[in-house]
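Following are the structures in question.
Paired with chain B in one complex and with chain C in the other, chain A is shared by the two complexes that follow.
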Partner chain A sequence: MSELTLERGLAAFRAEIDAPTAAFFSSCVHCGLCAQSCPFYLETGDPKYTPILKLEPLRRVWENEFTLWGRIKGLLGLQKKVTDAMLAEWEELLYDSCSMCGRCSMVCPVGNDLAYMIRKTREGMVQSGHAPEGLVSASVRAITTGSPMGLQWKTLAVQIQHVESSSGLTVPVDQEGAEYLVLLSSMEVINFPEYLEAITRIFDHAGVTWTLSTQCFEATNAGIQIGNKDIAAQLVERVVAAAETLRVPKVISPECGHAYTAIRWEGPNLIGRPYSFRVFHIVEVLDELRAAGRIRTEGKEGDRLSMHDPCNLARKSGVIQQQRNLMALVAENFVDLKEHGKYQWCCGAGGGVSSNERAEALKMTAFKRKKAQIEEVAPERMVTMCATCRTQLEEGLETFNMEIPVVGLTEMIAEHLVERD
Partner chain B sequence: MRKRPDKTLGESLRDHGLSRRGFLKLCATTASLMALPPSLAPAIAAALEQARRPSVIWLSFQECTGCTESLTRSHAPTLEDLIFDFISLDYHHTLQAASGEAAEAARFQAMEENKGQYLVIVDGSIPGPDANPGFSTVAGHSNYDILMETVEHAAAVIAVGTCAAFGGLPQARPNPTGAMSVMDLVRDKPVINVPGCPPIPMVITGVVAHYLVFGRLPELDAYHRPLAFYGQSIHDRCYRRPFYDKGLFAERFDDEGARQGWCLYRLGCKGPTTYNACATMKWNDGTSWPIEAGHPCLGCSEPKFWDAGGFYEPVSVPLTLGPTTLLGAGAAGGVIGGGLAAMARKQVKQDAATRQPVTVDELEQKL
Partner chain C sequence: MSGSMEFLLWTKGPLFNIALAIFAIGLMARLVEIFMLGRAPNYAEPRAHEWPAGLRTMLTRTVADPGTFQRAPFNVVVGWVWHLGFLTALLFFVPHVELIQGVLGFAWPALPNPVVDFATAITLLALIATLVHRLTHPVKRHISTIEDYLVWAVVFMVVLTGYLAYHRLVEPYPLALGMHILCAEILLIILPFTKLTHIFTTFIARWYNGAAFGRKGVQS
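The block that comes next holds the complex of A and B.
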C-alpha cells in the first residue's frame, strides 16, 4: 500500500517550482516587509512567522536543484537539505501561522506573490505527510461524505423545511434549467441557517430562478485549504457535475471566502478544462440585482456599522465595491475600517487555520490585529460575507469581551426587502 | 521707476488692490507649492505680511533668455505678478526699463542700499577665471568680474537654469569658453540651484517665496536643489509608469506602442535618473509636459545632461561598453542560463509526469 513520504514531498516541491516561483525567490531582497504585513508575526513578535521564512522548504529545493550556486554548493557538500525533521518543524509555520490572506503578496516591494508559493509549498507538505490532523480529517470527510464537517443532505433537508415554514416560500431543489445553482458551506448550514432563508427571500423578491442540487451542495474545498490538487480537483468536479446535470448557466458561491477562490479561480485549472457556466460570489449577484433595480428595499439600519472584507473576496478577487453598494442600500451610518478593501487585515482564521484545532491559540492572537482595527472605529455591529470570518469575529470579539454582534450582509439585505402585496 | 524696498509686503500688496481673501489664497497656494502642510498658510500669511520686499539683482550671463521666458509664462495667473511685487527686482536685462549706464547704476545703488541683504539670481554660465574674459561681457566687464562683485555682499545666490546651476550647454564638451557654474565659483555664500532647461516657472517663484516666508533657504539635496521640487524622480511620478511596470514600451515614435501611450524608456527617456517636478506640476498652466506630449524626458535638470549620451539612448545601457562586448556577454549568459533553465524544465516535467496523486487512504494513514 502506498504511503506519503519525504521523497514524494520533494518531488512535489520540484514539480511546483515554476518560472514565477524561481523569479520570486531570486528577486527577494530580504527587506522584511512581508513580516510587517503578517498578523501572525505582528501579534506574536516572533520572527519565525516572517512569511518568506515559511517558504524555506520550497526555497531550499529551488536553490539546491535549480540554481548554479546551489549545484556548486552541492559539489562541495555545502547544501542544506530538506529533511523530514525540517518539514515537521515547518508544518506549524505553513499551516498554523498562515491564513493565506495574501497581504504579504500585496506589500512585497519586488512583487513576490508569497501566498501563491505557500499554496505550492503545501502541496509538498501533503505529499510528505506533514499536514495538520484537522485538515487531513476535513479532507477525508469532504471526499467520503461530501462535506468537510461530515454534513449530509438530510441535515440540509431539515434546514430547508425550517426555511420553508418560516418564509412561506419554496426552496427549489434539483430544478433543471434554473438560472443559478446555489452552493452552500457546511458552516452556514449548521451555524448560519439565516443565510439560506435570506437568499430564498431575496431571489423570490427579485424573481430569480435558482436551485439547490442534491448531487452537490457543498461549496467549500478542503483540498485547497490543505494544499492538494487531487483532493481539490475531485471536489471541484462535483460542483461541475451538478451544474452540468442541472444545465445552469451560473453558479453562486456562498458567503465563504476560499470556496469562491477555489471554484472561481483555481477550479478550471485544477480540472484542466473550461466551465460551461460562470461563477459568482453571492455579493456580486446581489449587487447586479441591485444595479438592475430588482432589489427594492425600505428602511435603513440606524446603528454604526462597519465591515470586514474577507481576504479571498477583496484582496484576492477584487470584490470590494459591491458590498459597499449593498451597504449603502440598507445602512445610513456605515463607516469603513481604516484599512479595508485590498489592504484589509485578515481575521486570522482563513487558509485552513480554523479547521486546525492545534492552531486555536495562535488564531486568537492573530485576531488582535482585527480587534485593534475594530476598536479604532468603534462600530455597534460588524458586517461580513464569509462564514469563516464571521465565526472568527464572533469568537474573537467574545474572547475579548467586546459586545459587537456580527451580521451576514445577505441577511441584512433580506431584512429590508419591500414586502409584496 | 524702480520700486524701493521700503513698504512691507502686506502694504505693497494692498496698494496693488489685492484683497485679504486673495492674499490668503495666495499663501495657501504658496504652501502647497512648497510641499508644506496647509496649516502653515496662516504662518506664511503672517510672515509675508511683515516681510520687507528684498532687493533682487538678476544677472544674465552665457544664456539664451529661456529661463526668463519660462518665468514670464506664469503658471498660476496672478502668482508671478505678485512675486514680482514681493521682491524689488532692481536689475534684470530683459525686464528692466533702464539701459546703458542707468541700468548699471541701478545695480550699484541696489547693492549699496541693501548691503548683505539682497538676493542675486543668476541665469547662464560664466567663463571661468582662467578663460578669456572677452568671451562674454556686460558693459565692458567680464561675467566673472560682475558675478564676484555682485555676490560679495549678497545674502544668497539662486542659480536659475541648468547653465547657471551646472554649466549647461556652454559647458558641454568641448566647453570652448571654459564655462563654469555659479556653484563652482561662489564658495562663501549659500547657493540654491534651480536647474532645468528651463526650470518650471513655479519652481523659480516657489524658491523665492520660501526664502521670503522663512527667511532661510529651503532644504536642499546633494546638488543644492530644493527637495520640495527635486525630491522625486520623473519616473516615480510619471503617469506612464504602469506601462513600464508591465513591460510595455514604445520602440519607435510611430509604432503602435507610441500611439497607445506606452512607456518611452526605450526611446531614451531619462525619467528614471532625473529629479524634477514636471510630472506633477506640468507646464503651460498645467496643460502638459514633455512625456505627456509623447517625447522622452531629456533629463535637463541633471548635471552634464548634454554629455550624458544620446537623447534617444535608453539610460541603463552602459555607454562605456561596446555593442560587441555586450552581445558577447549576453550570448554567454544566455547559453549558461538557457542550459540551466533547460535542465530545470526537464526536472520539473519529469516530476510532474511521475507525480503520484494523493488518495484518501494515504491521508487516513496519517490520522
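The block that comes next holds the complex of A and C.
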C-alpha cells in the first residue's frame, strides 16, 4: 500500500458521501437516543461513545464541502476542519467502541442509518492511516494467505481427515457441479471443528450435493471489517472465482455473521456486478431442508435453552424466523431473550472489535448488556450461529463466572438426525 | 403606536416575502444538494422491494420501539408532546389557517381558541423541559452545539411571542404581533441551514433507512 495520508483519508470520505448520508446528517437533531441503543455507551456511561458523535469526521467533510452553508462558513473562515489529530482521536470511537451492530440505525427517530455511515467512515480512516493494528494485520494475512488468521488448506485437510474417520462419510472437495459450495471461517476451523462434521452429516442425511474448494475456503472478509473496498473486493473475487470454477448454483456462508453480510449484501457491489450464483447462510439452508421434509430428527433437548441472534444475521440480513423453526425441531424448552430478532443486543465483539486486541477490555464491558439479557431469562445453555458471537459469549460468560455452555445451532441439529438403516 | 404599526406592517409585508423566499430557495438548494449525490447501484439480490419498506419506515419511526421507550421515556414523551403541541398551534389556530388559505389558496378547519391556547401552554412547558434535559443529560450536554441552543431559542421565541400576543400580555398589540411574526420569519430563514431541515429531510432519511433494511428483509 502506498503512503497513507490525511489527504487520502479526506478523499475517501468525499467519495463515500452519497444522498442517504447527506439526508441523514441533514436530519440529526442531537436528541441523543442513539446512545440508548449502543452497548458501548450504556455499559460505560461515557457520552463520547454516542453513536452519532463517532461519525463526526464524515459529518464535517459533508458540512464543509457538500452544503451551501458549509461553503459560506468556509469563506468566513468558520469551518471546523478534519485534522490528523482528530482522526487519531476518533480511531478508538470508530473501531474499538463500535461493532457495527446497527441497533442505532433501528432506533434513530429521524431514521439515520448510522451503521451504514460507520462503514463508510472507516474507509477514510484506513486511507489516512488510522486503523487499528490488529485489523491491519488481519487484512494483510487475509490477502497474502487467504485467511485472516493465516490458516492454510493443509490445516483444513487434516481436519477433513478427522471428520471423515469419525463420521465414516466423505467430505467432498472440488466437486464440479455440486449444488452448494460450502465456505468456512478460520475461527470455526480452529475453535469449532464440530461444525464441519455437523454439515457433513446433515448434508449426507438430506441427500444434498456439496463441495469445499481448495481454491477458496475462507468466507470472512477482513476488508469489510477494517473498511477497505479494495481488500474487500479482492476477497470477494476469490469466492466468486471458486464458485464459477466449480459451477455451483449456490454458495453457503458459515456460522459467521459478518462473512454473510459481506458475501450476501456487499459482495456484488464491491465487484460491481451481480453473481452467477445465490448466497445463503447455513441456517437458511437448514431451514429450507427442514421445510422440504429433508431433515428428519428424533428426540429433543430437554434443558432450558435460549438463543443469541447475531446482528449481521438477524437485524442486518433478515434471518430471524429460520433459527427459531430449527430450534423448535430439536428443543422443547426454548425461551427467547426479551429483546431479540431485529432488536437483539450485540455480543460486543462484531465489526472487527474481536480482531482488535487493544479493544479487549471495552469488548468485555459491552458484553455486560448481553449478560444482563441472559440473566433475565436464566437459560441452562445458549445457542447461536456465529463463531465470533460464540467465542465472545463463551469468554464473557466465563469472565463473569456464569456456567452456561454455548452451542452452535448446526451441531445441535446434527445431533438429532434420525440414523439411517 | 404608529411606530409599532409600521413595524407590524413591515413584518407582514416585505420581510415576510424575503423570509419566504430565503426559506424556499434555501430548502430547494438543500434538497438538490442531497439528491444530486445519488446512490450507487445495488447488485445484491433483494429479499423485498425498497419502496413499501421505505414508505412504512417514514411513518413507523415516529413511534419509539418499546425498549427505547423504556430506556428514555422522558426524551420520547417530551419530544412527542412539544412536536404535537407546536403542530397544533401552527396548523389549527384560526389566524394561521387564514394565512395558509391566503398563501396556498386552500386550508382546513381551525380548532377552537381554548384548545390551541392549551396546546401552546403545554408546548412552552415541554420546550423548557427539553432545554433542561439538554443541559443536564450527560449525552445531550456532550453532543450539543451552539446551533442546538440557537434553534431552541428561536423555536421557543416563536411560541412564546405567539402566546404573549394572544393573551395581550405585551402592549401595544401591533408590537406584540409584529414580534411574533418576526420570530416566525427568523425561523423560516434559518430553517434550511440548520437542523430544522429535519422537518423535511427526516422523511427522506427514514425512506433510505427503511429501503436499505427492507431490501434485506427487515422492516426497520
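By our rule, the second predicted complex is superposed on the first by the 420 of 421 C-alpha atoms of A that agree within 3 Å, B and C clash if a C-alpha of one lies under 4 Å from a C-alpha of the other, contacts with A are read in each partner's own complex, and residues count from 1 in each chain.
One rule holds for everything that comes next: a contact is a pair of C-beta atoms (placed from the backbone, for glycine too) under 8 Å apart; a residue touches a chain by one contact, two chains touch by 3 or more.
Because the structure is a prediction, the values reported are computed rather than measured.
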Three-chain arrangement built on chain A, chain B and chain C clash or fit: clash
Touching partner for A:Ser105 - first (chain B), second (chain C), both, neither: second
Which of chain B and chain C A:Leu76 touches, first, second, both or neither: neither
Comparing the two partners chain B and chain C, which touches a greater set of residues in chain A: C
First, second, both or neither for A:Gly272, with chain B first and chain C second: second
Which of chain B and chain C A:Ile17 touches, first, second, both or neither: both
Contacts of A:Gly318 with chain B and chain C, given as first, second, both or neither: second
First, second, both or neither for A:Ala35, with chain B first and chain C second: second
Which superposed partner A:Ser139 touches (first chain B, second chain C, both, neither): first
Chain B versus chain C as contact partner of A:Ala85, first or second or both or neither: neither
Touched partner set for A:Phe66, first chain B, second chain C, both or neither: both
Selected from 99-107, 135-143 or 189-197: the stretch of chain C that, after superposition, runs into chain B: 99-107
Chain B/chain C common contact set on chain A: 17-18, 22, 66-68
In the complex, chain A residues that touch chain B: 1-4, 8, 11-12, 14-15, 17-18, 22, 65-68, 126-127, 129, 131, 133, 136-137, 139-140, 143-144, 228, 230-231
Of all residues in chain C, those that touch chain A in their complex: 26, 29-30, 33-45, 47, 57-58, 61-62, 64-65, 67-68, 71-72, 75-76, 79, 137-145, 148, 193, 195, 197-198, 201-210, 212-213, 216-220
Residue ranges of chain A touching chain C (in the complex, touch as defined): 17-24, 26-33, 35-37, 41-42, 45, 47-48, 50, 52-53, 66-69, 105-113, 116, 264-269, 272-275, 278-279, 314-320, 339, 342-343
Of all residues in chain B, those that touch chain A in their complex: 336, 340, 344, 347-348, 351-352, 354-367
